[in-house]
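Lettered A, B, C and D in written order, each chain numbered from 1.
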Amino acid sequence: MSRSSLQENIYITIFGTHTPAGKNFDIALIVTILASITVLMLGSISNISAQWGEVFFWMEWGFTLVFTIEYLLRLYSSPKPAAYARSFYGIVDLLAILPTYLVFLFPTAHYLMVIRLLRVMRIFRVLKLMRYLQDSNLLLRSLMQSSRKILIFFTTVAVLVTVFGSLMFVIEGPEHGFTSIPYSIYWAIVTLTTVGYGDVVPQTDLGKALASFTMLMGYSIIAVPTGIITAEISQQSQLHRTLVKCMNCSRAGHEPDAVFCKHCGSQLAEPDDRVVQTAEG
Amino acid sequence: MSRSSLQENIYITIFGTHTPAGKNFDIALIVTILASITVLMLGSISNISAQWGEVFFWMEWGFTLVFTIEYLLRLYSSPKPAAYARSFYGIVDLLAILPTYLVFLFPTAHYLMVIRLLRVMRIFRVLKLMRYLQDSNLLLRSLMQSSRKILIFFTTVAVLVTVFGSLMFVIEGPEHGFTSIPYSIYWAIVTLTTVGYGDVVPQTDLGKALASFTMLMGYSIIAVPTGIITAEISQQSQLHRTLVKCMNCSRAGHEPDAVFCKHCGSQLAEPDDRVVQTAEG
Amino acid sequence: MSRSSLQENIYITIFGTHTPAGKNFDIALIVTILASITVLMLGSISNISAQWGEVFFWMEWGFTLVFTIEYLLRLYSSPKPAAYARSFYGIVDLLAILPTYLVFLFPTAHYLMVIRLLRVMRIFRVLKLMRYLQDSNLLLRSLMQSSRKILIFFTTVAVLVTVFGSLMFVIEGPEHGFTSIPYSIYWAIVTLTTVGYGDVVPQTDLGKALASFTMLMGYSIIAVPTGIITAEISQQSQLHRTLVKCMNCSRAGHEPDAVFCKHCGSQLAEPDDRVVQTAEG
Amino acid sequence: MSRSSLQENIYITIFGTHTPAGKNFDIALIVTILASITVLMLGSISNISAQWGEVFFWMEWGFTLVFTIEYLLRLYSSPKPAAYARSFYGIVDLLAILPTYLVFLFPTAHYLMVIRLLRVMRIFRVLKLMRYLQDSNLLLRSLMQSSRKILIFFTTVAVLVTVFGSLMFVIEGPEHGFTSIPYSIYWAIVTLTTVGYGDVVPQTDLGKALASFTMLMGYSIIAVPTGIITAEISQQSQLHRTLVKCMNCSRAGHEPDAVFCKHCGSQLAEPDDRVVQTAEG
């Protein structure tokens, strides 16, 4: 191990979550992220921005400084800096600081859209929070296990909205607001997902009949992804239960709300630690 | 026990639900709560209020008197008055009477909002009804057991609406009604939850594409909380079934709709009492 | 048995579903019901009614005659006519013919509402169709078994919409369209159930924040009834499976898609007949 | 077998999916279908169509040529051409090419609707994609197994919307936008499915009360199809798991995420192949 003990200590504090220093670091970071997002949101409201613009400007530089230091420390302390930089969180951490510097470099950018994009991109700092949800193993595993079925479901939905949208385009046509096929498909999505904005609605009787059919279909097929994910979660948690082992006597099969081993009476691991344990071996 | 037998009797009547007097008290209280809420609602409709205002005024004082007596009796008879006063129901009981007295004390309050708040706060008397739902052990336990997963789900949803809302702010901008990031996030919530008021809708093609994606995502991820809670309820009710014991021969494992013990033939406890039993031992 | 064999034969034809005559009667009745409803619906469209009004009038009398004969035959052939007359289907059968005669008796009724009500009430003939869904034992039993949990769920929803609606009345007030507490509760129901008409929407920032919270809550708690009913249906169908017995060797525990008994090889009852069988013993 | 080896080879390439040539053919066909649909959609947007109309016209002929050749090859190579031509995919393949020729034959059709229908019908080429979803056995089997329960559910929903719609027609009447019973039923569907366009909403207090009840009912009964399908999917996947056999030692009962046989250690079939295997024997 050619890494200095300084690197090792920083690594444990920044990437780890189990030491007191690591926990404090995490809490401080979460607070900074939330504060930074709040400032950004308030800054987008025109009358608040008019009054507090300058304060927000300096606070933004403060946040960027903090996130820059965090990014550099992560790069410095990581055993594999290149892998970190190319990982999902490495990119998120970089995107959290880049826009501020870019706005600084090109203060007189001609395109309003670019400026707005750069300013708003900073809100993706919210993705830094995802790091703290990553031990949601059960949920993620359920989704992964079901990913193929979910893909089939989505393709079916895509085919359905294309067919319903196109039929509606024929029935209602541009004269009733269904100006093109893509726009009619947008209507079909709005209807099938039961969102129902009401910005474009069928006018003719035949159109209303087709819309009714689309709604009833949307109302029913929502049951399919629910069924898939429920079945998967049930199976995962049953599986999990079978795998929970007592640390003392190594016997498995404990009830999900058991706190003590029913064979030897020693305390079982906390439910959340059990998940991690299961995943590791 | 230094408590008087009067205190004890009142306690059993007011807090208990199993004696005939206790049941009558509960029914009378529920009727009073519902009547009080009805009067409040009717009083908020301007033309009814104009005609019946005075009647409602005196009825309101009647209800407040009843709830005040109830509150004082609870304080008097409770073995731990301070604990009661600080409990959820203690606060709800106090909030049910406080606003009427406050309006009486400050009849010429300058701020309309305060008056309206005080008047409407009385409707929180509806929370007094929650007391009678508290033996909904299975539901509550399922929610509690899943609370960590539900928190993860909500954080994910919060991150999603922030990202989608911000992107929409960039794409559509103030010129199409997306005036600020918080307002765009409001749009994202309206869309992701499939509510779809239609008060602000995307105007550009890119915006409509993003909106379609948001809807499909909202349509699918609703499956996740459903899956979590279903899996939990299934597990809880299976667990429950295993734990149902015959009062006579103490053997467990009865079918959920069994009325008699299949081993000794004696009658089993009522399904709802079984839950309580399980919770107690 | 003092009943004539005519009565018995009519009874088997009309109330039964297993004889060829009974099946033909059922099909004829279903067709008549659907035709009658179609005529009623078309008659409510003003320009169709203007043209075909007289034809519809005579068809309506035809349908009423058929349903009257059916009702009288049911009364005549039923072993317990009084019990039939007071049963759900007895009342539905009476309501299917009564309005036509009432309109005939009071042709110059002064109140438009009453006429309209009488005319439209005939559409409740659709309830006669429910008779043919009555072997949906599994579904109904699941709902019955869960009825207590569903009641708790509905009371919770009622409390929630009262609280959210009242808060919204305070925050937005009559000046933003929330004219009274009942109307604000209507808004809360529209929002919590994710219907989202958009006829009344929050205008203030605080109102939008509360609306967002209401939506997210509605989006999540829909998982609760789903979970309850899913758990119940799963349990019922598992239970059912255990109870399916081979008619030949009387052994139970067959797979849900099994067609032949795995022990003796004789054919198993049709899945739908199995349900009936289970219910009977 | 009187079929030529050319026919056999084409058959394996076109209908099969396991040979490299078959896979390449499938990918090429999917790309062509998606390209063809994209061109059709873009062509329906009036300003894009004005500029690129001629390019789209020739591309459309190109796509039609490709699909015509594909159709003829399928007819030629299929062991039972008549059966193919009358199958779902045979009809879809024919419908994918027919409209273009029909438009060519009747270029001066008088009815705009017919022209539009013929043009848009080409979008049903999207149904050709369904072919590649057909190994979604588990999903389809779950739906099939539940089809009777789903039919009961739909009939119940149909009865409910008829009753609610008719009541609303009586309560609100043509003067508040509920112009006829069919239109009121359309409103009931929009409300019960929680779509909520908001194009027609109740105006009277009684109407709002009934609408609230409809919404709450819609909000709850969505749980029923979800419960049915979830229970079915759970059962199917449990059944499936029991049936997964190790190819080497033929022992069943492997965990759903097992990769190796727990008895002999040899690799298990891929999860998706397992489904096919199960279906075959």
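Here is the rule we go by: contacts are C-beta pairs under 8 Å (C-beta built on N, C-alpha and C of every residue); 3 or more make two chains touch, one makes a residue touch a chain.
Given the structure is predicted, the values throughout are model-derived calculations rather than measurements.
Student: Same or different interface residues for chain A and chain D, judged by whether over half of the residue numbers are used by both?
Tutor: Different; most numbers are used by only one of chain A and chain D.
Student: Superimpose the Cα atoms of chain C on the matching ones in chain D and note the rotation angle, 0 to 180, in steps of 5 degrees.
Tutor: Result for this pair is 90 degrees.
Student: Can you check how far apart chain B and chain C are, centre to centre, with Cα atoms defining each centre and the answer in Å?
Tutor: 29
Student: Can you list the chain D residues in contact with two or more other chains?
Tutor: In chain D, 153, 182, 185, 194-198, 218, 222, 226, 228, 230, 234 touch at least two other chains.
Student: Mind listing the chain B positions that touch chain A in their complex?
Tutor: Contacts found on chain B: 145, 148-149, 152-153, 155-156, 158-159, 162-163, 166-167, 169-170, 173-174, 179-182, 185, 191, 194-198, 201, 205, 208-209, 211-212, 215-216, 218-220, 222-224, 226-228, 230-231, 234-235, 239.
Student: Flag every residue of chain D that touches chain B in the complex, lowest number first.
Tutor: Within the complex, chain D touches chain B at residues 194-198, 226, 230.
Student: Which chain B residues qualify as touching chain C in the complex?
Tutor: 37, 40-41, 44-46, 113, 116-117, 120, 123-124, 126-127, 129-130, 133, 136, 138-139, 142-143, 150, 153-154, 157, 182-183, 185-186, 189-190, 192-199, 218, 222, 225-226, 228-230, 232-234, 237, 255-257, 271-272
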